[in-house]
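Written below as structure tokens is the structure these notes are about.
Read from first to last, the chains carry the letters A, B, C and D; within each, the first residue is number 1.
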């Protein structure tokens, strides 16, 4: 018996190209590819004159993030990096050019060295071409740095809310400063913590990317398998939900009358059944504090290949954030409104 | 005094790529302990792809430019910009030369180090590839002998630098959020950087004339 | 190191009750519970006077099936059985009563002994109460019996299309005979085949429900882990897609000018990346035959807990099936139209 | 002639439930070979839940009615209707009796068998629980001795019937799509049915008066 996982892929060297062809073949009404690198997935019905271009991206392996959020009302384009590796400046710039409608472009991505460097270089390249491009870095993972160094935190599933808000703000015609400010408000109001119950298998090699014994869990693990804050015996749904919520509730200081949006996100192989059990507890805890849930999403929105595990994200709402969240969008992975 | 011909240096870069591709699994495994386990995959993809576009007969500077273009243009990740800038700046430092002497080699190394530091903003002791690169460049400079001797000093210093990352606490990149938990394992980037410098030293010494 | 998988559940004895609370807590605008058994999830905005009631169901463990398809335009109610076990007649009848709008009720479910018996008993009970209730059995799994005994086949992911069509037909006001006939047309036009690359772990016990070594695949495996038609070394995306398509294409006799709907369904822990790779090949094979894809769905629509694997379903379309497929619906797992 | 008191027969049903719950893992494992691996889970859930609602002092018929209600009303699956009908019809056959003699016991078994066949439409040889149940009922009838002896014959026949399912090709239920691949393993339902009949035989014999 071998321990080599044969994944449903073809040649590892064309993995991302195959993925792009697959996504476009499944959603030809929503997506197409633009630019010479072949790595920029662009909304058929998104970019337009006078609108701030929204580009989201990062490494692959987090499907439906990031290209699944491309579509009218959300992102205009997404450059696809290799598995767990930022796209290159040229790939990012392809997405940026496609998204550009003359009002500037906002790049949104999680806070990782590679992404910061590559998106930063792409933004400089675009500026040289005369397109104002800015970077916005998502930092929602409470497990990745203490609150007084919140700016160093990783971006994980909270991307979902920050992207949604920025996409809505841009779709409503706000200018680049205002869209960036909206993203900043969303990011400041969003906290996530995750748990992993297994490593993920890298599809190219068929091997797990780290070691996590069956029956153990790691609290606070990142979506690329970056170690978390604590490892121990795996626990049940309620206990895990409580652990994930604790730092989130503390930092967001949620109390009676507050409103939140909830995302219970699966990392890849945790069943929807389990995710609903987590949501059940999240809803009960919030209800006990008289915090109202405006909307919930339960499912796989930002995965880590086939990792077993989940994350809980809360975004504390105000009237604007709520309106941006409810603004219609139509993308492969998310549909809101009529 | 023995120098290196720029022409034909493509072979050196191709040997580098061979080594990286061979160590794909090992480098990913190290990265898996405190990172995301893909360092070898990313590196092998970039170096492997560049190797296919480089001929043994290319100049060293030309080959390094090609490698930099592939890394920065097509590979992305952390290594795209970091090693991309390193090889780009190394190449630029010697591209006008027919032969590379000790002084030019030293300028080339220094340019590479500065390129990495400019884009990545890391310092020595942060537990990164700079902990192999900086001491290697210093040792090269400090060596009193000829190019061959300086290269040997560089290689030895890179190995020591790589080994010293084991006891460091990471302050940069993915592993920097781990605090004390990042101690006790080699840094993946320092390991690959040491491989690159070792091949550079060995292959250059074999070609000195 | 233990081989006991601790799943994100609480007390195994309240697993399904917890799941129901979780689903309703996440989708309070769409779902609620009706009836004394507590096992019938009902659309808030579905059942109404004069409309044929649509009830879909079966065992749990296939989330989002079946309760994820409850909502306006699709199913009116779903009774939830235990993991991989049909709901009981009383639980089914609760769903049936909630769905009843005076025009009769259609029960739709996959072809399994347990479901056939329990839904059959429930239909008899309802008839005694004066509500005409009929059973429609989905039989899309080509791997489970030869074509000349197609009526004996299991129902797997093809449920998705048959439910969608029946739900649309009922929502458009067709009578019970016509809704049943629509379901029959959908079922006759729908074929699925699946592949498993791992067993699933039963959440109550933390153990795999059968043995499938790493690196092996089983072609034709059922969504409860029922053995398939062939076991062998796992293959790549294109090779697997070709194998799954072969019997489907043969039976549906698809040729130039034909139109189909496509479902590439994940069984639980196969990544969306891999599913898109499968779709890429499906699209290529269909395009080579000049068969047009009307619409595709790629994702987890009928799972087998955390099983690794996937299935491909095609429904051969005619004008009516296409219209029913495009008819709007709004449920937790599926949204179509404006 | 020794007979069984209906009153107090609740204890017999509770012992049955104990046995099923104890064999939860084993029954699921057998089911996993050619089915979906849940037979023990489903059975244990139903029998376990019924056990909590039955007192040792209940009548045998009352206890079997309770068990049938739980199985049919709350458990679902295949076993809900099949064993639900079996125990419901067995209970109805003796519910008016204070004492159950050999003839009544035989009628009770026969009613159970007919209940299963009416709802499930399976026949002997289909590789199902009927392959333990039918020969057991026949052996009970055919035995020339008293109730105690007929019970022993029933138990032995159930075990033989269970074992014979190993070589059968399934023609019913989940495993029926396997053809030849279903040969070579015991049928899960026949195994649980044999457990039920064995406990029924042993516990009844222990209570004959």
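Following the convention adopted for this analysis, a contact is a pair of C-beta atoms (placed from the backbone, for glycine too) under 8 Å apart; a residue touches a chain by one contact, two chains touch by 3 or more.
Predicted, not measured: the structure shown is a model, and the values here were computed from it.
Colleague: Any idea how many Å lie between the Cα centroids of subunit A and subunit D?
Modeller: Distance between chain centres, rounded to whole Å: 54 Å.
Colleague: With chain centres defined as C-alpha means, what is the inter-centre distance between subunit B and subunit D in Å?
Modeller: Result: the chain centres lie 73 Å from each other.
Colleague: Subunit A to subunit C: how many Å between their CA centres?
Modeller: 29
Colleague: Two or more other chains in contact with one residue: find those residues in subunit C.
Modeller: There are none in subunit C.
Colleague: Would you give the residues of subunit B that are in contact with at least 2 other chains, written as numbers and ranges?
Modeller: Correct list: empty.
Colleague: Taking touching chains as linked, do they make an open path (line), a single closed cycle (ring), a hub with spokes (star), an all-linked set (complete), or other?
Modeller: The chain contacts form an open line.
Colleague: Which of the chains touch, listed as pairs?
Modeller: A-B, A-C, C-D
Colleague: Write out the stretch or stretches of subunit D touching subunit C in their complex.
Modeller: 25, 28, 32-38, 41-42, 45, 72-82, 119-120, 172-178, 181
Colleague: Under the stated contact criterion, what part of subunit C meets subunit A in this complex?
Modeller: Touch residues, subunit C against subunit A: 1-10, 15, 18-19, 21-23, 25-27, 60-61, 63-64, 68, 197, 203, 213-215, 217, 233-238, 240, 262, 264, 268-280, 283-284, 293, 296-298, 300, 303, 305-306, 308, 310, 335, 338.
Colleague: Can you list the subunit A residues touching subunit B in their complex?
Modeller: Going by the criterion above, the answer is residues 13, 37, 59, 81-91, 112-114, 117-118, 121, 144-145, 152-154, 202, 204-205, 209-211, 222, 224-227.
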